[in-house]
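You will see two complexes here that share chain A, one where it goes with chain B and one where it goes with chain C.
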Partner chain A sequence: MRPFNPQFILDVIPNLLPFLWVTLSVVLGTVFFGSLLGFVLARAKLSQKPLYCWLADGYIYIIRCTPSIVLLFIVFYGLPKFCLEVFDMDINGYEKIFFVLVTFTLLFAAPISEVMRSAYEAIDHGQYEAAVSIGLTPWQAFYHIILPQATVVALPNFGNSVIELMKEGSLAYTIGLVDLIGKGQLIISQNYGAYALETYLPLAFIYLLLTLGVEKSFLRLEHAFSRQKKAA
Partner chain B sequence: MDINYQFLIKTFYLVLAAVPTTLNITAVSLLIAMPLAFYLAVIRLRPGKYIQIIISGYITFVRGTPIVLQILIIYSILPSFLNSVAKGFALEVNVFDWNPIIYAYIVFSLNTTALLCEVFRSALASINKGQLEAALCAGMTTVQAYRHIIVPQALVVAMPNICNITVKLIKGTSLAFLMTVKDMTAVAKIAASYGYNYIEAYMDVFAGYVIVCSVVQVAFAFAERHVGKFRFIK
Partner chain C sequence: MLKITNVHKKYNDNEVLKGVDINVAKGDVVVILGPSGSGKTTLLRCINFLDHADQGEMEFDEYHLQMHSATADEVRKIRQKTAFVFQNYNLFQNKTVLENVTAGLIIGRNIEKNEAVDLALKALAKVGLSDRVNFYPSQLSGGQQQRVGIARAIAVQPDVILFDEPTSALDPELISEVLGIIKQLAEEGTTMIIVTHEMKFAADVATHVIFMADGNIVEEGRPKDIFQSPKEERTRNFLRRVLPQVEYNI
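The block that comes next holds the complex of A and B.
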């Protein structure tokens, strides 16, 4: 067995770090678009019409049973063909990050819609009724009264979902996106397969720091929000 | 969209034939992880400083890094490490001839152990301490008390989370193809590469996973109803 080379770890970190922003932009983009889609799903699940409710339920169930890598491949191979046939649009040349964003938005929306729905249901319905009865429009009542309270309830689960997403997002390298792990794989193949462990260990360390950072910042946010709640 | 239906159906049977491999990895990993996780959870509830730090470090590492990375790390060091160990003991085995499914067992058991440990710990902590004390006072040994009093009640709490972890584990085994294990994903990938029918192949895998996960969730619903009779009623 080749001896472990700690010096290589220090050499490889500066090469990896520039690709941190690719990983982070995948996460941030997915959180943004996924929350929008999740909001729509949560709205559908709470609606009075059984068809919408049923559709949202089915979507959430199927996503829960789908491995991310399978959906990633389906989107990567299927979406260009689908767009070409249906919209007559050629997206074969699109950046890989586009397919990654589409996949993880689809994946992230399902758990986040459940988080939003449970947070919404945790707020007493009387709050909404009181707000409407003093003359707020339904949208104002939702935006000024329900949303701030539901956010506090949703934050811990939201943070967990983001961490989960960040870890799943590492699969993006399988379709050739050069993010942290993609760059790591490139470095390993540049060295003809040597120094694999010395490249994976700093990657694991970076991911560990990222997840711990996200966890800490969500805890901070939670504290800030609940202090506001107490003051009020 | 032109979909090759003949290929779609043919590959679906191929994927179904690989379901046992997926279930095999899942079942073996769970069987290894459950006792280990239970033991770690019991240790975590006891005082003891250094062992706590080691266990919580392990759990933080597993929960804080992507499973792909764990697979890549273990698959890049373990075979050559085992080989040098075998050589060191002058054993007549060739590690590289082993079925790669062994590494899948190792990775997924290590991963599941950490996740299950947290579940078991919170489930055990939810049981009133008086239960254990009462059982010991009644003359049971610690093992008996856990076996007959604590575990049945803790299982009621833990069951939904165990179901979630099992479904996650099944989904996670789709990455076993990175270790050249021929599971559902790998079989479909190989079948697709002859004629570039990737969409059809992955739709088959997709359907396969939805079926497997549905069956597992139904099974857990039954199990939950079964352990539900041990629910503690005040």
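The block that comes next holds the complex of A and C.
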């Protein structure tokens, strides 16, 4: 067997790092679009109308039962077909990252809607009533009174979901996206499977740093948002 | 000024309000008495549209509306003319005392910040909390929190303030500081509808007393008449149960 080659690790890192931004774009894009969809789902789940609750519940359930990689392939192969048949729109040539973003947005929205819903429900409804009773509109009451407090409650779970997402995101290479992992795969195959360990180790290290970074950022956010609580 | 007629409200099969009428003129202090579960809270909440009545008519100055079919716009207009003081204060936990009071002005009424702060500071001075403006609700005693609740309500200069048992959640030694403020408001001619179990206070401030039971108004009239010579058996029973306690307290 070929001996372990530490020098290769040092050589491979500069080749991987340029693709860090692809990985980060997937994460940030998914957090953005997934949160929007998650918000809509949470809103539906909290709705008085049984149909909306039911639809949101159904969606969340289906997503929970679907392995990420399966959804990724369904979107990658299915979405172009769907768009062609239904909208007569050819999206086959779209960038890979588009399909990755669609997939992970669909995935991320489900747990994040639960995080949002439970954070919303953690804030005493009486504060909302007090706000509308002195003349705020329902939206103002939500935006100025409930949302800031629910955000504090949601942040730790939101952070965990982002870390989960980042790790799930490493599946994107399977449809050919060249992100950190994708580039790693390319390097390994260029070397005919040699140096796999020397490639995966720095990848693990980069993901470790990313996770630490996300954790730290969320701790900071929590700190900033809950300053008023600490004053108590 | 405010007249509501034939208010009905059901929770599932439980008929909580069975056709209640109330008429409030400017400067009135209407006190609503009644045993627990008689629908007093629900009535106040329906007036402010925190609950939606199944039936009922409301005339409020120039507005005239059906309570079950009020539009969001009508609801907003009525709420701009009223304020609510809650049993458990419901202060905004993420806002300081001052911000609690300015919210209804700055956010709800688009009043400019400087002016809103002026109005809020006046309201807070009235409830004796000028030295607590930068505190958060969690740093205050129950009595102080309820006084912030009152300041928040008076700052928006509503036509009517609705009080739902404003002292029920307070330790006995804190009750009088809150009742004192409400009494002062009454003396200044503030129009109020107050649900309370404090009988002596009720007799003191009320211009009109309503006794409710089981979703109906059983009896109403001047405080003197209701407290000293109630006509209905149910009113007499209720007062007999609650009045001796008051005498012990004094």
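By our rule, the second predicted complex is superposed on the first by the 228 of 232 C-alpha atoms of A that agree within 3 Å, B and C clash if a C-alpha of one lies under 4 Å from a C-alpha of the other, contacts with A are read in each partner's own complex, and residues count from 1 in each chain.
We take it that contacts are C-beta pairs under 8 Å (C-beta built on N, C-alpha and C of every residue); 3 or more make two chains touch, one makes a residue touch a chain.
Being a predicted model, the structure only gives us computed values, none of them experimental.
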item: Touched partner set for A:204, first chain B, second chain C, both or neither; value: first
item: Partner chain in contact with A:149 - chain B first, chain C second, else both or neither; value: second
item: First, second, both or neither for A:5, with chain B first and chain C second; value: neither
item: First (chain B), second (chain C), both or neither touched by A:92; value: neither
item: Touched partner set for A:190, first chain B, second chain C, both or neither; value: neither
item: Which of chain B and chain C A:47 touches, first, second, both or neither; value: neither
item: Partner chain(s) touched by A:129 [first = chain B, second = chain C, both, neither]; value: second
item: Between chain B and chain C, more extensive residue contact with chain A; value: B
item: Partner chain(s) touched by A:70 [first = chain B, second = chain C, both, neither]; value: first
item: Which of chain B and chain C A:140 touches, first, second, both or neither; value: second
item: Shared chain A surface residues [contacts with chain B and with chain C]; value: none
item: Interface residues, chain C side, partner chain A - complex; value: 48, 50, 72, 76, 79-80, 82-84, 86, 88, 90-96, 103-104, 107-109, 136, 138-139, 149, 152-153, 156
item: Residue ranges of chain B in contact with chain A within the complex; value: 1-2, 60-61, 63-70, 72-73, 76-77, 80-81, 83-84, 167, 171-172, 174-175, 185, 198-199, 202-203, 205-206, 209-210, 212-214
item: Footprint of chain C on chain A - complex, ascending; value: 124, 126-127, 129-138, 140, 144-145, 148-149, 228-229, 231-232
item: Complex interface listing, chain A residues touching chain B; value: 1, 62, 64-71, 73-74, 77-78, 81-82, 85-86, 166-171, 173, 181, 196-197, 200-201, 203-204, 207-208, 211-212
